[in-house]
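There's a structure below that I have some questions on.
Naming follows writing order (A, B, C, D, E, F, G and H), and every chain is counted from residue 1.
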Amino acid sequence: MKQKKLTIAGKELSSRFFLGTGRYPNPFVQNEAIKASEAEVLTFAIRRVNLGAPNEDAILQHLEGMSFTYLPNTSGAKTAEEAIRIARLAKASGLSDWIKVEISVDEKTLLPDPIETLKATEVLAKEGFVVLPYTSDDPVLCKRLEEAGAAAVMPGGAPIGTGLGILNPYNLELIIEQANVPIIVDAGLGSAMDVAQAMELGADGVLMNTPVAKAKDPVKMARAMKYAIEAGRLSYEAGRIPKKKYATASSGFQAFVSK
Amino acid sequence: MKQKKLTIAGKELSSRFFLGTGRYPNPFVQNEAIKASEAEVLTFAIRRVNLGAPNEDAILQHLEGMSFTYLPNTSGAKTAEEAIRIARLAKASGLSDWIKVEISVDEKTLLPDPIETLKATEVLAKEGFVVLPYTSDDPVLCKRLEEAGAAAVMPGGAPIGTGLGILNPYNLELIIEQANVPIIVDAGLGSAMDVAQAMELGADGVLMNTPVAKAKDPVKMARAMKYAIEAGRLSYEAGRIPKKKYATASSGFQAFVSK
Amino acid sequence: MKQKKLTIAGKELSSRFFLGTGRYPNPFVQNEAIKASEAEVLTFAIRRVNLGAPNEDAILQHLEGMSFTYLPNTSGAKTAEEAIRIARLAKASGLSDWIKVEISVDEKTLLPDPIETLKATEVLAKEGFVVLPYTSDDPVLCKRLEEAGAAAVMPGGAPIGTGLGILNPYNLELIIEQANVPIIVDAGLGSAMDVAQAMELGADGVLMNTPVAKAKDPVKMARAMKYAIEAGRLSYEAGRIPKKKYATASSGFQAFVSK
Amino acid sequence: MKQKKLTIAGKELSSRFFLGTGRYPNPFVQNEAIKASEAEVLTFAIRRVNLGAPNEDAILQHLEGMSFTYLPNTSGAKTAEEAIRIARLAKASGLSDWIKVEISVDEKTLLPDPIETLKATEVLAKEGFVVLPYTSDDPVLCKRLEEAGAAAVMPGGAPIGTGLGILNPYNLELIIEQANVPIIVDAGLGSAMDVAQAMELGADGVLMNTPVAKAKDPVKMARAMKYAIEAGRLSYEAGRIPKKKYATASSGFQAFVSK
Amino acid sequence: MRLIINGEEHHVDVSSLEEVVSHFELEPHLVVTEVDGNIIERTNWSGTELKEGMRIELVQFVGGG
Amino acid sequence: MRLIINGEEHHVDVSSLEEVVSHFELEPHLVVTEVDGNIIERTNWSGTELKEGMRIELVQFVGGG
Amino acid sequence: MRLIINGEEHHVDVSSLEEVVSHFELEPHLVVTEVDGNIIERTNWSGTELKEGMRIELVQFVGGG
Amino acid sequence: MRLIINGEEHHVDVSSLEEVVSHFELEPHLVVTEVDGNIIERTNWSGTELKEGMRIELVQFVGGG
């Protein structure tokens, strides 16, 4: 009855919650939210140092003393080439050889480019990166990314930051059925319900940022999402009842109390 | 940041999970599930003693030593009159003056009869019962039940035992907005996602039986549902992000790493 | 292959579209929309004559020359008693003995009161009215209304004028399965899709007002809805394919063109 | 108020209904259904002649005398190369230079391969084919296909033959917003409601086969779908009412009839 | 004479219900009347004598859903 | 004596309700009793004399939702 | 002569592609042909001489979606 | 010397990459560097001599999802 742990690229993770580090009200709330989430994997972006105020964005300094698996992303890249370059810079930090491939052309939707994402995944996996591509929920593409060497595949529930939830549970279920690597639902989730749904569909984990960071109370929301992941996973393992069209009584009909 | 507790008829409850006691594989699993759920309110039916094997169904003997709030139901009643009689019998047990009014004519759907349910609620509330009517999700009817003296109102998400979830979240939200007594979602839920949804809509609690009792692993499912309630409630209190049509990046666009 | 016609209280209707007469930009557009809809049953409200400008609201004068079945409603009534009075006034016009019972207490939702609606239906049916009650989608209540003598039962898809569509298709399907009188979906529909859905679920007709009257082009929308009813009804009669989880090719796999 | 016609590759089409020619009970019913649909574009597969019974599958002989735009597909192709070969064979028939690119690896889902589909579209468009690729509902991929020279893009609503409808209306709406070529919803639709939804989202047309061919009454269903397309398109042009949370009365509240 | 018509006080020089209807220039076949809570059929309008302070309702069909 | 207990006829050698409960070896604190439609509190079981043909209900809590 | 037609070996007494089509009694205007991977237009059928072991594809439009 | 640092022209009195990092008072263990498109490991900063007009990128981890 004990839960099997999530393992990516040989690393066993104690939590199925991947937490983003952007858009929090302030570093203190962010750190409290991270603690409340009990997340072990944190995502980051790579940006130029602001030479005017170099330490302003230096998020890592706030996290010193805690130990995490760092998952830098390639956000800002519009092509495989740009993503590969950002990945190499991230690795050169010496902090992590994990990389979230994120390549978007359209700034309105930030939806991932399937062709460039596949290219970058192929190249980076060959270079020895632990590659977790952010992708659309196209089941064939997700399979292709796995074949290209992705350590885990991260289909989006909905566009980044929209909070629309899992727009296509059918595709997500198909992706999970076919997968031989962990499936992490990334982007678009908004509520504990969305998270529970993802996990009950059999997802191996969930990556969130905005729904926690921009909640009225980010720390409490981090805790909410932690429980939602736990709830969804337990339910998935416990085996839910089938849906039926008609009712079933909780007690027998015989022996009713009636004259 | 601490959660306000649910209070019904002046009784403060430590848990928002109301658990049914029917249809478990055996008394041992049932008790383990009850413990795992951390539920404080348990529901029961009232039936004639099977004189051939009197102790067979005597569920209470299995619960001795633990302390709960007993919520007997009037299942089997097809009219207000029958429900009132069953309620009085339940009260005469000296175990509880709480009663779940449940009056169904149609054995296929077990849906509650609005007219008879309202009648019985009125009478029993006047008699001093703590009345929790199981009702349809008709918002006007729910308001009427409150006015008739219900201590809490329990709209169904879907027909009993179907596991179809919350068929009409809009109505449930309306019911919660208008209510001055606690709203407990009763019947029809199937998954942790359904429970999280109910709680995020602002429900004060959830009453379940079949989804736990008939899960492949009832004890684990009881734990799942406990976390789902926690998750949904925390999320409701933490204030979710609004849904948006278009994307929002988790990091600024400025200072991209690019030539 | 010819369609069976809808018959209410012995009257055979050539159209399954019941059209409301409120909120049009002007009488000309209204009449064009009515013509385009090919509706045979039109609904009205009963109001005091504005003695300052008596003919201003006298809608009937615009319809002279055309022949319809008039379905006055009891909107504005908050109790059975008020509804019964309005019904009798409507009948005294000599224009129709059909009445749409509509009783709402809450002006925010305009949802029908189940208890008062049932009472009024009972009384008016006994008085010989052809009663079409507007009701919630509570299946037990709909059955009760039929037993009380309703000539047709009109569950709402969603609150009046919201355009939210059919909030609970499951209930509507149940209502239709159980009914021995025609089921007309009234209120809350917004789009041709909603109408097609109602008809494919087996509804006998649809009553609309706002979605036509407040469309950017009411006349074109009236035509759209007419076709949607036709499409949904034909599809219901033609028998749709079952939903399947996995794909089925439109051509055999054998004899592929490949070396 | 007259509708703009759909134009693909300079050809103005009198109908927005693209109909498949597979899986009908017999050629007579098929021809009756084709007539009832008023479709102008018909799809076909390319297969080896069965030398034992050469005329058995020779569908075209049944259509002689009627005039259509032929849209052969590349079903059976697992790679761009195979699809291109089938396309050239189809063109050599002298019947059409239109081609539906359809490349699937997985026989369980028949979902299109994004990479191969894009490759084939590019090559065939350069060769002067009028290319209509069947694709997933990935908005970025759909844009890429347009840029590769597709004359129209055909995202699937759900896997072929499942009748699950439009699994992700959000994506479809996004695809339509961004498109500079016609968007035809292909595959997965099951009901008149699904068709009306696609058209109300702004789709330029719908391609169906199984829902018509495998309906209990294919001819009646063809008519149903024709009306559903008409209804959805008219509604799209007429401009639906916005969805609102709360109700709006169809008649004023003033001048109620009440003491 | 003083009458309460549609909830408002009116002073009109009429004796029968029929005269009330014509006084306000209403289309007789479109209006329905009630006097002190009792519906009066058109055929009885002329025969319906009015007394000081009577409550009259004049109602009609208007656009509605 | 002949009694209708839980809808079935029984011939039992008892005189009080208390004896009925013990006759069937029921847990007194788990059973609720009704005689001819009237609920009888436990405290009154011994004092409740039974007559030929009385209708007795013996009910209890069972598993339910 | 031995030909591989639609993937199967056939022994037929023909010399041109045109004769293959008529041998199988195919509707010429409904069938498309490929010889050793090259598409042959109808106009060239008669002129297309066949050799032992050539791979011929004879395909047509069938019902599909 | 004139250097293009993070896309902007800077005139700084430095000779090695290490001096650039300290010039801007950056946390060495938090910054990653690229010179003319080539990533330079920290261990090589001191050994990396700079020339007029070289393009230097100084990047770091920031909050992101």
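The criterion applied here is as follows: a contact is a pair of C-beta atoms (placed from the backbone, for glycine too) under 8 Å apart; a residue touches a chain by one contact, two chains touch by 3 or more.
Quantities reported herein were computed from a predicted structural model and do not represent experimental measurements.
More contacting C-beta pairs link the chains of B-F than the other of the two pairs C-G and B-F. Residue-number overlap of contact pairs with A-H passes half for only one option from A-F, B-F or C-G: B-F. Centroids of chain D and chain H (each the mean of its C-alpha atoms) stand 56 Å apart. Look at where the CA atoms of chain D average out and do the same for chain E: the two points lie 62 Å apart. Spacing of chain D relative to chain F, judged by their CA centroids, is 72 angstrom.
For chain B, residues touching at least two other chains, in rising order: 20, 22-23, 43, 45-48, 75, 89, 109, 111, 160, 164, 209-210, 250-251, 255, 257. Multi-chain contact residues, meaning those touching two or more other chains, occur in chain E at positions 6, 57, 59, 62-65. Touching pairs of chains, sorted by label, consist of A-B, A-D, A-F, A-H, B-C, B-F, B-H, C-D, C-E, C-G, D-E, D-G. Those residues of chain C lying in contact with chain G across their complex are 250-251, 255, 257, 259. Listed in rising order, the residues of chain H touching chain B in the complex are 6, 37, 57, 59, 62-65.
Within the complex formed with chain C, the chain E residues making contact are 5-8, 10, 24-27, 29-32, 34, 39, 41-42, 57-65. Taken together, the chain C residues at the contact with chain E in this complex read 20-24, 30, 43-49, 51, 54-55, 57-61, 70, 72-73, 75, 88-90, 92-95, 160, 187, 207-210. Those residues of chain A whose C-beta lies close enough to touch chain D in the complex are 105-106, 109, 111-115, 118, 136, 138-141, 143-144, 158, 164, 167-168, 170-171, 174, 178.
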